[in-house]
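Everything on this sheet refers to the single structure shown next.
We just call them A, B, C and D in the order they show up, numbering each chain from 1.
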Amino acid sequence: MTHRLALIGAGRIGRVHAAAIADNPRAHLALVADVSAAAAAEVAEKFAGTCGTVAEALGEGIDAVLICSSTATHSELIERACAAGKPIFCEKPLDLDLARARQCAARVARSGVPLLMGFNRRFDPHFASLKSQMDRGAVGRVEMVQITSRDPAPPSAAYIRTSGGLFRDMAIHDFDMARWLLGEEPVEVYANGSALVDPVFGECGDIDSAFITLRTAGGRLCAISNSRRAVYGYDQRIEVHGSGGMITAANPREDLVQVSDAGGTRLAKLEHFFLERYAAAYRRELGHFLDILDGRASPLAGVEDGVRALQLAEAAQASLAESRMVRIA
Amino acid sequence: MTHRLALIGAGRIGRVHAAAIADNPRAHLALVADVSAAAAAEVAEKFAGTCGTVAEALGEGIDAVLICSSTATHSELIERACAAGKPIFCEKPLDLDLARARQCAARVARSGVPLLMGFNRRFDPHFASLKSQMDRGAVGRVEMVQITSRDPAPPSAAYIRTSGGLFRDMAIHDFDMARWLLGEEPVEVYANGSALVDPVFGECGDIDSAFITLRTAGGRLCAISNSRRAVYGYDQRIEVHGSGGMITAANPREDLVQVSDAGGTRLAKLEHFFLERYAAAYRRELGHFLDILDGRASPLAGVEDGVRALQLAEAAQASLAESRMVRIA
Amino acid sequence: MTHRLALIGAGRIGRVHAAAIADNPRAHLALVADVSAAAAAEVAEKFAGTCGTVAEALGEGIDAVLICSSTATHSELIERACAAGKPIFCEKPLDLDLARARQCAARVARSGVPLLMGFNRRFDPHFASLKSQMDRGAVGRVEMVQITSRDPAPPSAAYIRTSGGLFRDMAIHDFDMARWLLGEEPVEVYANGSALVDPVFGECGDIDSAFITLRTAGGRLCAISNSRRAVYGYDQRIEVHGSGGMITAANPREDLVQVSDAGGTRLAKLEHFFLERYAAAYRRELGHFLDILDGRASPLAGVEDGVRALQLAEAAQASLAESRMVRIA
Amino acid sequence: MTHRLALIGAGRIGRVHAAAIADNPRAHLALVADVSAAAAAEVAEKFAGTCGTVAEALGEGIDAVLICSSTATHSELIERACAAGKPIFCEKPLDLDLARARQCAARVARSGVPLLMGFNRRFDPHFASLKSQMDRGAVGRVEMVQITSRDPAPPSAAYIRTSGGLFRDMAIHDFDMARWLLGEEPVEVYANGSALVDPVFGECGDIDSAFITLRTAGGRLCAISNSRRAVYGYDQRIEVHGSGGMITAANPREDLVQVSDAGGTRLAKLEHFFLERYAAAYRRELGHFLDILDGRASPLAGVEDGVRALQLAEAAQASLAESRMVRIA
């Protein structure tokens, strides 16, 4: 059976999902809605869908909805989808406000509607292989996790201003990975950071470079390295230390060509950014969503995961603002 | 414009091309023909095409034809397609008989019909990057080329018997790569080999392990390493030495996870076989064929390249049989 | 001219330096002193020296002294060597008590006697190459430094009890590397850690696993990863991020052999521990000390560096004990 | 017991061995002889030996002799050492003339004097580890061996003229490695080559680039890749394919630093040439020679190995000259 999906939000990430839908014979892009009618029309045309309103996206003939609109709209759209009984895929972050996110999560829980949070990295083949090897005991009991997550280049000043800050906008993925890999909830959060890359971050009251430390009740530790700029390409690595050894996932490069000359050996650049690096992850994420619709899977990342990641982001924000370690109840 | 393509041959490699067509919005699988009606029907159904005869594949409503049937049928089908004026994609090898291949190539030349030989490795992103860096002078003037091409596991005895032998069936790709990378025609061929992997090769009068040496008139050298079995996965590497250095293309692995424990560090296996390793190459190859149909490209590998590769395979066969170096006029 | 060196302390690290002296034609092991006469005799015999007292080590016929005795004796021995006007090599840490270390450093400064602190990692060929490339601008302005320092196996309980704890005993090297690489003094210190490897650490009031975060006045950041156990071998890596890219130093392995089989590819283990990993560093460190004696170099790491590293260790200890970020005046 | 060694030949390779002797507490450089008294004096002074004649080198007070003089003198010196009953270390090649080498080997055999051929690569830690893992069955039954051996830069024209040609001078090491790794004697030899690097090779009737193919009676295959120039450094690799997988030894680099910037990632150069690359091998080789003197080992490479390698070099020379495959009886 082909699932008729509605896409709300025709921006950059919306297009990624539209392309994944077009590629997947199990799904059909039935409807595209966006505050910009032009953007909706462009995506609809390119990926063989129809334009429509949000009401139509939650209406008859639609099997499930993908919420890829701006963060500020997520909670309300989720609640409307719950009311309409439509299974939900929602991009991260769930919300910029923790209280609002919790309210929304409670509504989802009551509704019984399945919701998949867009933590795409859980679907990356490299990270998924790492996790499954961990789960099979490849390195014993988990002790320390190190996550490197560095963007190739900073976003625009306009984006920075409404992003919610590095922790909520960017590190949110890393908080989710940390929880997923630690296997225990972090209870202590410390973050330090600086605006080193571009003064605009400082002007926006934000940072562009950060180290974050987490500790679980059981004493497991996690360190996260973030930067808004890595001229050598999108740097996405994981390193897990356990009682039996270390397991890592390295960065894919643009190709496997090496040139050796009088100056040494040169390897290709890392894959540029998330569209390239996580292309397979986005396709697998959609496949998982379709499995949920088919009743063959439950969400690998649910609304509660969205709340928890946001909670860590808020704690990190408080830690940075107040120069102290923050405990999570 | 969407090109209506007919596929002749619904076997393993035919399915690869059918999938590439289904993935490409510029092409439509209009018709599938096979000596086995069941195989044709299965592929047609899976990739949204129609079954038909070879005559229909060369008839009205078809823009171009992909010849993926058994090698013995290639020459005749090419000639029929020429007569029908249909642009041709033909899988390797062109023919098992050099004289027949030349006759066929002459027919193609007279017809003016474009023909793309299925030397898919020229389209592999890693090898294409290597070649383009060579062409930009990354390692100076080419001197020595080393090609490693080792299959994960031997084919069936039935396949071996009609394959034409290791040189025509398997090394044919390497002969093409050698010519492509050397930039000069080889004039000396030496091959030595053994049946080490499985006695069935010896029983079929074939070998399963070989080293081949080529030399061009200008003195450039090429060595090819072939085996019908590599338990560690499909081993496809290139190493080019020039006056300014060395350029290599390494093997992709299944993932980039590394496990370090008391026994050392373990990397993932190589990608298993050609379906995985050359997935991107097959898609790019089809894109190039569509560019040819659009008049935007001429074949990166033409019928003459098919003849030349076969000529080298024949020379290697003679070299092995007669324990001597063979010169090519 | 051959320098007549006296070695105080004939334990594990003392032997390392005795061997380096025996290997170096510019130096002669003139005298070995130890609280254990037997240990002194054994080292003296093996490396062609004579046994003697500390007084003799600081007496006539001795050009310089290497202090490799237990940490508790360092400050006093340094002061006695200053009084005797003997150039000093002193193993890390300078002292376990910061006030005492400062007092000692002041004494060294007044005396004008050169002192080289045994921060051997600055002499490691890999790290030295990394530093010199940084200094030549290979990655632009330094922003973030990540140091991994994990021992293969925990020391004995007896050692742990008198070690001064993970920060003073083990991370002291990393604090020195951090300062060396950051190029600015850290002013904020946060440390979190756990006893995950062995309960004995907890029983000793110590930890075995830690993440430490440093920040300089200029906003540069450093993260340190420590563990007392890495079953895959001695893990000593550096990663520096600058405005122009990233520079890293990887771990040497026991050899460069790779075995590829049906389970993947296996690399050799990392070099086991500091004796293997830093063999070249210890030899180069001694060479540098001899250059100082010859007046051709000034100490790459002086007594003030010993104080500063200890100050960071104390701050980390306070941070851990009080669950807060600690500022350094 | 310290062995009193005499060194005959104070050139480049003689100095390598003199340094290894000076480093080894089990050996003493008792005497240095050279046709150039000045060269002998320089080496004797640097490494704490005495100058003397060849007669003295084979006379009283000398326990064993290292023959590092020019190739033309090897056979005669070996025979004189046999007559004097002195254990022999002899640099490769044994001789440039096969008949003469055989005569010399027969003399050694009759004398019962132990002789270690200077095939230093057998003592390289990487290659030795590879061999020992092969012997323990890491990759099953050996099928194919690939040896890469490329010098960083060509020798002088004067050297080329008297070198005996690429096969006898340079590939001689590779022929020895081939025999060692194949575990069977090659019976078929084919070589092709060119003068691509420098016309001076052609003027000397020599080549600078070659591919060599060997085949044993049991069908095992070996390919050797040689060049007199590799601008990226000394390229010394081994790759062995067996029924159970592949085992390789990669090239060491000058350090393990990697710089990633907008152009990709740059690794350090390979170690420059044999003095750096095989430093450990030369030291281990001497240790093995001392073990032979102590009666604790028999030569890992004997005079017969020297003859066999030369035989393969002669066959390769004939193959190249006559453009044919050469069989060895």
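The definition used in the following text is that contacts are C-beta pairs under 8 Å (C-beta built on N, C-alpha and C of every residue); 3 or more make two chains touch, one makes a residue touch a chain.
In this text, all values refer to a predicted model and were calculated from it rather than measured experimentally.
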Open item on the list: A-B versus B-D: which interface comes out with more C-beta contact pairs?
Closed with: B-D
Task: Label of the chain whose CA centroid is most distant from the centroid of chain D - done: A
TODO: State, to the nearest whole Å, the distance from the C-alpha centre of chain B to the C-alpha centre of chain D.
DONE: 41
Task: chain B residues counted as touching two or more neighbouring chains - done: 231-232, 244-246, 260-262, 268
TODO: Going by the contact rule at the top, pick out the chain B residues touching chain C in the complex.
DONE: 231-233, 253, 260-270
Open item on the list: Which residues of chain C touch chain A once you look at their complex with the stated criterion?
Closed with: 143-144, 146, 150, 188, 190, 192-197, 209-211, 213, 215, 219-223, 225, 227, 230-232, 235, 241, 243-246, 323-325
Task: Residue ranges of chain A touching chain B (in the complex, touch as defined) - done: 23, 125-126, 129-130, 133, 138-139, 244-252, 254-262, 268
